[in-house]
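Before any comments, here is the structure.
Chains: A, B, C, D, E, F and G, in written order; residue numbering restarts at 1 for each.
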């Protein structure tokens, strides 16, 4: 399963990258969301996979014994998810504003910033 | 004894879910799919949850199972209603073998107001949208 | 969306979801959950209400501008982080706990206030975003 | 056969197949509404899966996930319906 | 604070003070400004008694001791000579300018620049710390920039200023490179102490760099071929500036540097050889060019370059004799050239033109000035009894006593012939002959405008008649200091020698050319046609091409297309991973436990893959979002299967919210067009796939690592006991790493406020 | 006021369910919390009658379960057999139910039983449009609901 | 109190920002509060700097969890110096914003964003935890993103899209690196990483991860070929924002590079070469980009890139002297670039635009202002003894020390091209004759400003110029600080020891 998930991570990154390279602003943002999922999965994998043993101290115990899932990557992912959400929502709104101002969703039409005049 | 009850509850529940899955795949139009799935799945999930509650036999889990079932009973029909209504509205077509469509022409397309009058064959611009390909409704 | 069914149901769902969100908030320290998810659920409750009843009514229901919840939550979280500095001279964010275990809630300490701050911030943020977008939409 | 074995080797596979079937509908569409309905059903089956998985791993904590699924899953449906109607109005 | 530092800083402070005073008040105290150089002249004069006997005066004030950069000053013979030139000619220029630029709108600014320049120049020649020297060196370039561009509304002035600054700037940086290299190699920046590391200058592998940087610095500043061309351009500056900076002082800074370091490099054979080659070529080239200029200042510019070439050439010979000759020639040149420039300035001021073809017979109107011009011309031609005669004799003497005597002597003679011509062309031609019809009458100049050049010219004659003065005061001491040999004593008359013959040939040749060579615009244009192969044009053309190339390159890279930018980043990453995979094939699995696959996991992964593909390839925007939703929900299940309930919950709620957000925003957007062509899609596909593949391999490789997770163990042990929580993830979030969460909610808040502002704020035009 | 109180009690029960702790203190806490929540969410909610719910509710529940299972089997048969026997259509169902709550309740229950789906309620709240799988006889279909669900629901809610 | 010392600069800004959020709709109050808050924070930062300078590196173990279990904030001399500079910049810009920022923007949270951004910068400098640094980076990105788009005009939105995409990607790259690092080492504490990394057997993967970090930071720092977002966006927002960006944002990337490549992955020879090559290209492309621009703000933007090459180049040489130069250069660049963009704001008010060909006459019409403005321009060029000159001594010296003459030539190229460019700017803006341009009617023109507004515009510039002059004439002070930093960087043991006082 580890290998499968490693490949999944690769696929997520690849898909994200492919989407980011499209010309549509919407695809770009979706691509970033997909990439974000890829990163999360990567962090998750880096903590090692443990089945069915969440890092929660059992009811009558004061600490966990035996194998349990590494809580640190989980905490990191939680933080990362939330942060990405903030950024993504801003980006989504930016699409809206961009469309209002520029009347297009085509990134290639937004090439005026670097003109030398 | 409880095990048998649990297993049968879960098995039947799972079958209902499978039924819903087959149903959504097989049914010829959207409304039929909704009709089939919402309930079968809800029933199936309910049974599985009941089985689970029995399996754990703890109050806290039972209460949570009940809570989930309640939530599902509350939300599932609303979701079904909303998507069904919206789909009808944007012109998702009925199965060609459907017997009747009492709703036809009742929507005011500008205001979305739905009239309750039982008059048929009045001015309707529903005609156009109905025939529009389902693809166009996606964009 | 004008749907009597949704509107009516949302009135039941709203308190239910908010209740649930508090539940998730309070138990976070022991079981899955916490301020963040709690806040999300609470905001989803209001969003649902907004879908069903329109923004105006949701705003009216909220009494205050959701944007106001953001600094409030931040201040709460910040406050719980600063408390150890001010009162005990300990490093920031050191957990300060009330020694007794309270019923239902369990241990009460700065972490809980911190999580509550998170809860408010998340509600404020989600509602600000969604309401602003819906208004423009 | 223990309940666990029964769950792992019979119930979970059936649920997985169900999920796949529904997912095929999701991919097929044809209308956006079909996908939304499929999505909704996917989540519902997901709840069942979670319940089964909670039994297998003996972790009642997983039930909380199911609870959240049950409560907010349909919000997506609400949003898509909202979208469909709004779009129509703006056309 | 040492007096010396104060003296040098006083010029700067004075310059800045002028800015503070402002133009209006300054007009009333113009005379006062000249007090500065005059008093400084007398101050430095006071050192002369000591330095002429070889005494040195050191003063030092700490500045940046950790870099070994201090205000170390040393006044020795060489420094005194230069300070006196700077302040002496400076005094005359300051005074001359009062009348020359009378009533100018920016007179205050002019004096301010000039004072700053003078301070910089004084600092340069007295500094005993190489970095300090560099600092003053750069300040002279900057003040020169402002003075050349003094007529700031004139386009060509500004252009010349930039050219000059670019060339001298390059030299300045080379000097810095030279200084730092010397500092690194010798461990000190004190110039006099560097002498204790002779090996560094001749044997060290970096000594080549030393030479390159030193020559770049000196040649650019002192206008040696091929960097000479900024100097004629610099003539756009008002004439007092040309007099002061571009003939008498600043351009000598390079010479000064070479002189200063000539003892250090005495063992380096290339040092002399290169100087000889460049100096020789420069003097010939420049002297020849004087024939073709019609602007008086143009002639002067080229003759200055020629003179600088002669000095470099002399340094290249490298004998005690040649150094003496160089020192004398520096004095000679400073006197006559400054005089000629001021003469030119006055002519220009009175007649409004500097075109030699339009001038003549001015002696009728400007008699004292014509005397100054004639005397200066005599000195420049080396006609006895001027000091110029002495200088020329010494040059020939040096060349005759050098290894390649015939070649060098011939070069020197030819150069000097042209120099004779140039001196007379500027100093006498405007005053001789008939008054051309274009000039009716010329107003009498203020006496200062002729007195200043006359004083300089007369000094040249006096020094010629009494060569003992400079011999005693400067030459002997400096030569002793700079070379191992002993300096010859200066005499006006050596008897009838071969050198005298050479002198006669030179003067006669020069006068013949003066007599028969018609300076004309036609010839000037003719030589302009050759400009295409001149260093100036080659360099400017190169600069031009470079700019076009820069433009092209900038447009290619910064083309405004976001996708290209992104692609570059991604390709770079792909390369990093790819190289890693191919160089380090450690991939294949030593995973300790490869768990069996369960059908539910396979189904989740399958759904993930399918939903990804669907998201990527669907043609409907909403469907893409639905696909994205499914993807997120599948992630929940992975989190669920692998013991992360909190993650599953959060992922689910966030995913739902994101979908809602998208849906709310998107329904207004136009159709999702298929914009890229298939080539692009294939290319992007290749990038994406290879990146994903490499990444997957890397991940598998990393999963073989088994780090010691002390932190995780600590959390498991203490989450309940110390942090009172059982859900460790939550305890991490609110306690162990609560600070992250704190910042995270800040990020969220900012995002929300941003959304609010982005959608609600529309500025009116005046609110920009 | 009463409604508020009932709702409050209901929510308290939900809370107890959620937390799974039957301790008195939990009831009190749940009550207070629900009160707070209700205070937050209720503005301009009109009060309604909530009496006599319990017994009829139980009866209704059983009827609902019966209908649910019966209909599910009917639909299941149609789904798993290769041929479709269904005769679907959208039916205009004139409502007896008046209040929002009644209508919503009815509509949801109809949706929850397999084979039927409440599509929409008309603006004047007099008509419910239902999509049904088996409507060979429209009148019989309407009557079935009238005497089945609607009657029972109105019994509970009125 | 000492336990918390290194958190105060962050806390201070956070409190100011949150309070500002409560004064949502009161621009006047916000302006006053912002200036007051900035000055308090400046004082805090100065005090912290002084304390660290006197007593060595300070740490705060947040939550009282001994490292590496919690998050550690480490105030070493490099960090506190940068925090101090950040607060100086923050202080002057909060004054400057008075004239530069219209109330409409203030009502939509300009000042809060501003303080959040400064908080983010301070946090990124102070943190001793690699994931925490990521989070701070996100604060920086999102707040700068908001500042960039607020009140967005067309060009601003376009610039923002580029800014967002590339920076977001860089965060993802950074996070990828962090994940892999955690997978290899199992820790996030930077000091702990510094101890663990040398024990990792698989050095190949460590090198690869270090390059991932380099690419992630490279985008932020604006190195070739990752800088494209910078010139595309920096010229678009109002001057106060540009100034904040121009002075500080790229420096965080450079700081992160310096920190990771000294503490976590001391530069391997291969990486040294890669960094050196990148630095050289950065210098070249930044230089030529600036050369061809026709808008003064874009010129400055490209010069930022060009000069980043000095810092990255210094890092690549990887000797103590080189790091001293790089750090000194960074200190100089922060102040000067901020000043330049603030000047850009003044130009905009005077000329109505910032195109070189549309400006002129500044020297004749505003002679004293010109004299003032000449200082930062020449400091940028590195005209001695102004601030840009001093670090070059160390950088040149380090090039010799390592025998890297190509790097030396690049430094010379950078200096020369800067000189030429600034001379051009001077000629076009200051020296050239004033053009007869119609004064923009929709713009409040500089001369129409009242005294208060003029002061608000010029005083902060003058203050920063004062700092520049301090650098220039008291460079010994800066040099001593830089040397201590250079020593600390090349001897990370001190850092590690400060984080783990009990061990060792």
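Here, a residue touches a chain if its C-beta (ideal position, glycine included) is under 8 Å from a C-beta of that chain, and two chains touch if they have at least 3 such contacts.
Just so it is clear, the model here is predicted, and its values are computed rather than measured.
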For this session: Name the chain whose C-alpha centroid is most distant from the C-alpha centroid of subunit G.
Result: F
Exercise. By mean C-alpha coordinates, which chain is most distant from subunit C?
Worked result: E
Seminar exercise, completed: Per CA centroids, the chain at the heart of the structure shown is G
Problem set entry | Centre distance in Å when subunit B and subunit C are each reduced to the mean of their C-alpha atoms | 32
Problem set entry | Inter-centroid spacing, subunit F versus subunit B (mean Cα positions, whole Å) | 15
For this session: Can you check how far apart subunit A and subunit F are, centre to centre, with Cα atoms defining each centre and the answer in Å?
Result: 40
For this session: Could you give the separation in Å between the centres of subunit C and subunit D, each centre being the mean of its C-alpha atoms?
Result: 26
Seminar exercise, completed: Where subunit B touches two or more other chains at once, the residues are 22, 34, 38, 42, 58, 60-61, 64, 67, 71, 74-76, 78, 80-82, 85, 112-113, 138
Exercise. Out of subunit C, which residues touch more than one other chain, so two or more?
Worked result: 1, 3, 5-6, 9, 16, 20, 30-33, 36-37, 41, 44, 47, 67, 70-71, 74, 78, 92-93, 95, 125, 129, 132-133, 136-137
Exercise. If you look at subunit A, which of its residues touch at least two other chains?
Worked result: 20, 42, 45-46, 51-54, 56, 72, 78-79, 82-83, 86-87, 89-90, 93-94, 96-97, 107, 110-114, 116
Exercise. Once bound in the complex, which stretches of subunit A touch subunit C?
Worked result: 54, 56, 78, 82, 86, 89, 93, 96
Problem set entry | Complex interface listing, subunit D residues touching subunit A | 53, 56-59, 61-62
Exercise. So in the complex, which bits of subunit C are touching subunit E?
Worked result: 28-37, 40-41, 43-44, 47, 67, 70-71, 73-74, 77-78, 81, 92-93, 95, 97, 107, 109, 111, 114-115, 117-118, 121-122, 124-126, 128-130, 132-137
Problem set entry | Residues on subunit C engaged by subunit B in the complex (per definition of touch) | 1-3, 5-6, 9, 12-13, 16
For this session: Enumerate the contact residues on subunit B facing subunit F in the complex.
Result: 16, 19, 22-23, 26-29, 31-32, 34-36, 38-40, 42-43, 58-64, 66-67, 70, 73-74, 76-78, 80-81, 84-85, 88, 94-95, 97-104, 106, 113-116, 118
